[in-house]
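Here chain A shows up in two complexes: once beside chain B, once beside chain C.
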Partner chain A sequence: MFIQQLANGISVGGIYALMATGYALIYSLLGFSNWAHGEVAMIGAYIAIISVLNAKFPLPIAIIIGIIIAGVFSFINEKIAYKRIRDNKSPTMFLMIAAMGLSTTYQNAATNIFGAKFKIFPGLFAVAFHIGKITIGSLDLISLIVSLVSLVVLDITINHTKVGLGIRSVASNSYTASLMGINVDRYISLVFLVAGMYAGCAGILLGMKYTVYPTMGNVALKAFISSVLGGLGSVRGAIIGALVIGIMETMVTAYLSSGLRDLFTFMLLVIILLVKPSGLMGVHVEEKA
Partner chain B sequence: MLKVENLSAAYGGIKAVKNVSLEVKEGEVVSVLGANGAGKTTLLKCICSAMKKSGGNVFFNGKKMPEKPHDVAKMGVVLVPEGRLIFTNLTVYENLMAGAYLCNDKKEVQDNLERVYNLFPILRERKNQFGGHLSGGEQQMLAIARALMARPKLIMMDEPSLGLAPKIVSHIFEIIEKVKSEGTPILLVEQNAYKALSISDRAYIMNVGEIVKEGVPEELLKDRSLIEAYLGS
Partner chain C sequence: MSSYVEGVAILLGLNIIAVLGVSILTGFTRLFSFGNAGFMAIGAYGSAILTTKYGIPFIPAIIISAAFSGLIAYLIGALTLKLRGDYFLIATLGFGESVRVLFAYIEPITGGARGFTAIPKYTNFYITAISVVIAFIFAWNLVHSKTGRDLIAVREQEAAAEAVGINTFASKQLAFVISAVYAGWAGALYSHNLTFITPEMFNLAKSAELTITTVIGGLGSLTGSVLGTLLVTLLPELFRSLASYRMLIYGIAVVAVIVLKPDGLYGYREFSINRIISYLKKVFVKAPKKGADIVERNT
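Here is the complex of A and B:
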């Protein structure tokens, strides 16, 4: 029973992590909370589901289309909104306000275009696998594998490749990074594209697990909490935070009550902010004058 | 190799640099001296396109300087910024690798790393520490080392001695002389006029945005009233 719940928890946490990492990367580069990140996930889910239902694409193709379009939307958000605000050297707060505007716009657009009703991915294979004492549905297994592989690839890229060093340099100090020959704008675009694709992937997995609806992007709040829990801006922290929240949610639902799920999540957030504000993985390196 | 012609720059309506012209030739160390607020940092930022100029031109080896700072770095012009600005949450090694970002030849990067570690043995010892955990002097060494990792054709340094103990300052200037002896030209901005003049081939004196005097160190040092008036030391 416990092991079973743990497996379910990791599966849910993995999906949260797909969103939380992108959110954390964007935060680390631009220092603002991208509230439109959840809507990018929602867009990915809608594009995938209409590709299946209306355009009759095979599911795997529909998923890939959904992921790519989500990445493109994220990329465009940066180009049309955030980049201008950065170029004008406006306060960071403007970025957050713009993100909130985008978030509401996309939610309303989705309601108008697709309707407020839930959409369900058709004919999902409901095969269950038995591994030892654990029974895991095919969908959960797939989402577990997809998210863990994506997260490992992302972690290695960030920490052990030249592209990763470029991203971390820009995050650390974009002005100095530019003096070293690093094209800051290009890295920011890249991060928005990849973060959007990861969010799209998360949206599709959530849509397949539950349903697709215009406000499903609100789940980004979980990604946000994961990121704070792990240490704002830290990719590895976001992964760990997301797994902790996924596991905790499943455990609370299984052993206590599903009504207490969010209460526990927010309580954990408050405790972390009080006890270790830099987050589980937060390393605080002070600036020297 | 570096030629600045009538460069002007402003913050809003405030003119910080007015019609500045200067030159750095092959193998030279050239200092720009001046008191606080003279416009030295603004000048360097404009040269490497980190800030928009309001007038004038910058040429490097006869070519107009590109408009983006990362393209300026590609031309081989690297700035060691004021206040060091190292990547505090990256390790010393990662800071150096970021400096070598434009070099894709692994062997060359490795050789360069070895050369830089030999210039600054302390950085080798500290290579796995966070940049932010170094002392001020070590951070300055790291900032210079990081710029050297780019194998610059021209290196610009903005007040490398700022806020450091006299012993460390001397050490930093020894390093600058070593860099010079390797043949890399240096454009050095300093408030520490005597130290800077002692290693310079030529110097410019700046005051409220303008160049007020240019000359070789021996000549400038003769004119005590000049130094007292503009450099206050």
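Here is the complex of A and C:
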């Protein structure tokens, strides 16, 4: 029973991690939490599902289309809103407010275009695999593998490639990086594109596991809490935080009550901020005058 | 007054009170909070419980529940106000959502997720109007006092404010407590206006709406906040036929204001007739004068 719940928790945590890394990447570059991230995931899920249902694409192609379009939307958000706010030299909090506005816009646009009804991915059949004592559904297994592979690829890219070095240099100090001849805006755009694609992937996995609906992006709040738990701006921290949250949620649901699940998550958020605001793996930075 | 107009006026009034609280916190002290809906919930549920279960009259119930909101803010603030700005925001978010989930969970007291029903309708136009006037006068006097200047100093440069001897922690805590009292006050009026409340009414979106309204109205301006609330509350009423596009337009408007007019409608200045007159003078009187100058020089 315990190991079974652990497996479920890791599977949920993997999906959270796909979104949480996006929060971490964007926070490390721009110092704000991108509240529209969940809606990017929702857009990815919707694009994939209408590609299957209405355009009759095969599922794998539909998934790829969904992931790409989600990345494009994330990129557009950066271009039409965040970049201009940065150029205006407005306070960083304004980026969050703009992201809130974008989130409201996309949620309601989706309700108006696709309707508030739940949509279900067709042609999915769940096969249960038995590994030792634990039973794992095919969808859980797929999402586990997909998130594991994507996260490892992301980690290697950031820590061991030239592009990753560029991203890390912009995160460390964007002004100095620009003096060293790094095109800061290009790296920021790239990060938004990649973060959007990962969010789209997470949205599609969630849509397959449950259903697709306009406010499904609200689940990104959990991913956000994961990235705070791991330490804002730390990609590895976000992954660990997501796994912790995923496991804790399934454990609370299994052993206590599903009504308490969210309370535990939010309380954990407040407690981590009080005890160690820099999170598990974050770097504590004093506020500069 | 027709009941529809009265309903809209009450809604407007209680939104103004809640937004004024956020305005003091965000506009004058630059602390962003995504948890003020939690304080509204405490005020709403607190006053509803006091009037229905303990038979306490409405006005004392408002005062007790608003004060209780303030007390909770004092405790939360004591723990979280030493955090950096964005971490403080996240902590308030966690607080607000915890309140919502907790109220949904403790069903015997709050009615759970299905809501608290049969609250007597005590809120009327006069109580709301008087509340708005008191709230505005208090806020106006606060921001124009020494305490208010301390808050502005914290907003502009916290380290410098501390260096000249301002107790920045106490200033921030004061602003946070006042914003919570205002939110609790608005919440108490809200529950006795609707007569039915659910925890879901006080979610993160509600907190965000309060902050967004303050930003649209303009940071550092009380009249701007009132104007922003007027716009955000009344425009949707005018466009009822476009109900399904209401929130869509609202979202686009938020992004447009933030991107195109970052100071909001009335950023860092108050509404004043004199400025409007001098602006009109500049537009209508000065312009021909300039032309006249050139003509004179040419001849």
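Note that in this section the second predicted complex is superposed on the first by the 283 of 289 C-alpha atoms of A that agree within 3 Å, B and C clash if a C-alpha of one lies under 4 Å from a C-alpha of the other, contacts with A are read in each partner's own complex, and residues count from 1 in each chain.
Criterion: a residue touches a chain if its C-beta (ideal position, glycine included) is under 8 Å from a C-beta of that chain, and two chains touch if they have at least 3 such contacts.
Model, not experiment: these values are computed from the prediction.
Kindly classify A:N173 by the partners it touches after superposition: chain B alone (first), chain C alone (second), both, or neither?
first
With both structures fitted on chain A, tell me whether chain B or chain C touches more of chain A's residues.
Residues of chain A touched, chain B against chain C: more for C.
So, does A:G31 touch the first partner chain B, the second partner chain C, both, or neither?
Once the two structures are laid over each other on A, A:G31 reaches chain C alone.
On the A-aligned overlay, A:N183 touches which partner chain: chain B = first, chain C = second, or both, or neither?
Touch status of A:N183: first partner only.
Of the partners chain B and chain C, which touch A:S90 in the superposed model: first, second, both, neither?
second
Quick check for you: in the superposed arrangement, does A:M100 touch first (chain B), second (chain C), both or neither?
Once the two structures are laid over each other on A, A:M100 reaches chain C alone.
So, A:I64: does it touch chain B (first), chain C (second), both, or neither?
neither
Please indicate which partner A:P277 is in contact with in the superposed arrangement: first for chain B, second for chain C, both, or neither.
A:P277 sits against chain C, while chain B stays out of touch.
May I ask you to decide whether A:V228 touches chain B, chain C, both, or neither, giving the answer as first, second, both or neither?
second
Take the contacts of chain A with chain B and those with chain C, and give the residues found in both.
Common interface on chain A, chain B vs chain C: 285-287, 289.
So in the complex, which bits of chain C are touching chain A?
For this pair, the touching residues of chain C are 30, 32, 79-80, 83-87, 89-91, 93-95, 97-98, 101-102, 104-105, 157-160, 204-205, 208, 211-212, 215, 244-245, 247-248, 250-255, 258-259, 262.
Spell out the residues on chain A that touch chain C in their complex, using ranges where they run on.
Residues 31-33, 80-81, 84-85, 88, 90-94, 96-98, 100-109, 111-112, 221, 225, 228, 232, 259-260, 262-263, 266-267, 269-270, 273-274, 277, 285-287, 289 of chain A touch chain C in their complex.
Given the complex with chain B, which residues does chain A contribute to the contact?
162, 165-166, 168-169, 172-173, 175-184, 283, 285-289
Hey, which residues of chain B end up touching chain A in the complex?
Residues of chain B touching chain A: 48, 50, 68-70, 73-74, 78-79, 81, 83, 85-90, 94, 97-99, 101-102, 130-134, 136, 139, 146, 150, 163.
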